[in-house]
Amino acid sequence: MSHTPEQVIATLVARDAFSQWLGVEVLDARVGYSRIRMTVRADMVNGFGTSHGGIVFSFADSAFAFATNAAGTLSVAIDASISFPVAVHVGDTLTAIAEQESVTNKLGFCNVTVRNQHDVIVGHFRGTVYRTNRAHFPSDAST
Amino acid sequence: MSHTPEQVIATLVARDAFSQWLGVEVLDARVGYSRIRMTVRADMVNGFGTSHGGIVFSFADSAFAFATNAAGTLSVAIDASISFPVAVHVGDTLTAIAEQESVTNKLGFCNVTVRNQHDVIVGHFRGTVYRTNRAHFPSDAST
Amino acid sequence: MSHTPEQVIATLVARDAFSQWLGVEVLDARVGYSRIRMTVRADMVNGFGTSHGGIVFSFADSAFAFATNAAGTLSVAIDASISFPVAVHVGDTLTAIAEQESVTNKLGFCNVTVRNQHDVIVGHFRGTVYRTNRAHFPSDAST
Amino acid sequence: MSHTPEQVIATLVARDAFSQWLGVEVLDARVGYSRIRMTVRADMVNGFGTSHGGIVFSFADSAFAFATNAAGTLSVAIDASISFPVAVHVGDTLTAIAEQESVTNKLGFCNVTVRNQHDVIVGHFRGTVYRTNRAHFPSDAST
């Protein structure tokens, strides 16, 4: 029996130790879309005292993975890029919205926008996935 | 009195809580160059059981920050991109080499290559910084 | 006397020999936004017989330049990235929409989507500009 | 009978109308590598009177295509990014060196550096290809 996108995402999140460390909360997720939230902590800063760029990237990358994997088959990231318009600070609450904008047989192209609690964009992310045929739940593959 | 690149990097690393969480070890760093190392742990995996893409990005981003900030003035990341040729696994030891390839008055352009313990490239990263006039050590600014 | 965005764009287009070679037609342009059109010709193909990737990039880059320069001061491209979901063919009519999504004192971040005549996305482009203080019309600078 | 990399490149170049318009000259090309040259003309400028960013991108993209297709099977660009450290002017002679740095079963990752006649880097380009099984010469496929 096939799994719903909600079940797929719930399982991916449960297995995703780093997203848990980040404190990622899934607000909404379906095939080709996700919306997630986290709050920046003091152990996430870089040497300048602001959020490490890797935190904003990682958060966007999680939204990207959820949106592109919700259909139940494994999509793996090939390329990703990010721009940082403004700095992120400890205590900021971030929201990421991932939208898969085009899909081909083998590839998916996804845009992710990260905003802070003032609705200011703090990260513009784009990612490309390679779409495998491998099911996240082996039992789904046989249906 | 001005600080050496080694002192600047040591201070940046000491303040960089997230690089410490990653377990980043600075092997070599000078103006425009850094070489760092870390080992991937079980709390760094994504929902597929391999290293979260954000870990490889964050590690490369730290190498990038060290290379572009070693001269003692603050350079902040504007844009970065990464490609993931092969998956990274728990237990892998990663080495990143960052090289600033061109510098203008206001901008710096840096290449970072991340390899695993088998010398296989697991991340191709490029980043662009905006070079401010702000000294990491206020006392340096007055010299 | 200051120039309107329409006058700025008209002047930029008139000077832009390569956009003219491409056959770029400006459908709409204002501060932070542009919509342009072109048709792919036989002299724009690569060695595979489809549109050279540089044609789609160049077209998107023109839309990006118009959107980020319409206010009358020079913004120059620092970084740009593009993804190619599907091939473009001779005879295809392309439309690009550029939207500047965030602006800081010194930087602007712009998204450009290129579609063919079937409304299929053929290029996802992002670009970052450095915003100078230099006026496109020296007389504007003195106002 | 199989074709040599030199024969493959010569055929790609002969078919590549846009690279011909650019005036691309192939100095060296083999599997995973190419070095090419061109001179910027007055019909390649943007609205600011310098080389259109699309010219530098297109030139790098041609080097990328030659390096990643020399083995005789079709590799198509998925994603590419470019940074522009300094402006390019009419009359500048550009040289691009493309090096494929990693290859997997389905993907190839290539770095291209573009320099002007003063050996100054004017473009940092990276591109990712999807490696198909399709031969450029159908007769090669049957061997």
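Per-chain numbering from 1; labels A, B, C and D assigned in written order.
By definition in this document, a contact is a pair of C-beta atoms (placed from the backbone, for glycine too) under 8 Å apart; a residue touches a chain by one contact, two chains touch by 3 or more.
If you're wondering where the values come from, they're calculated on a predicted model, not measured in any experiment.
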Set B-C beside C-D; more C-beta pairs touch across C-D
Which chain's C-alpha centroid is most distant from that of chain B? C
Taking the mean of the C-alpha atoms as each chain's centre, how many Å separate chain C from chain D? 22
Quick one: report the Å distance separating chain A from chain C, using the average Cα coordinate of each chain. 29
Interchain centroid distance [CA atoms averaged], chain B/chain C, Å: 33
Going by the touch rule set out above, which residues of chain B reach two or more other chains? 78-79, 81, 83, 107, 128
Residues of chain A that touch chain B when the two form their complex: 11-19, 21, 42-49, 52-55, 57-59, 61-62, 65, 69, 74, 76-84, 87
Once bound in the complex, which stretches of chain B touch chain D? 79, 81, 83, 85-86, 101-104, 107, 109, 111, 113, 120-121, 124, 126, 128
What part of chain D is in contact with chain A in the complex they form? 78-79, 81, 106-107, 128, 130
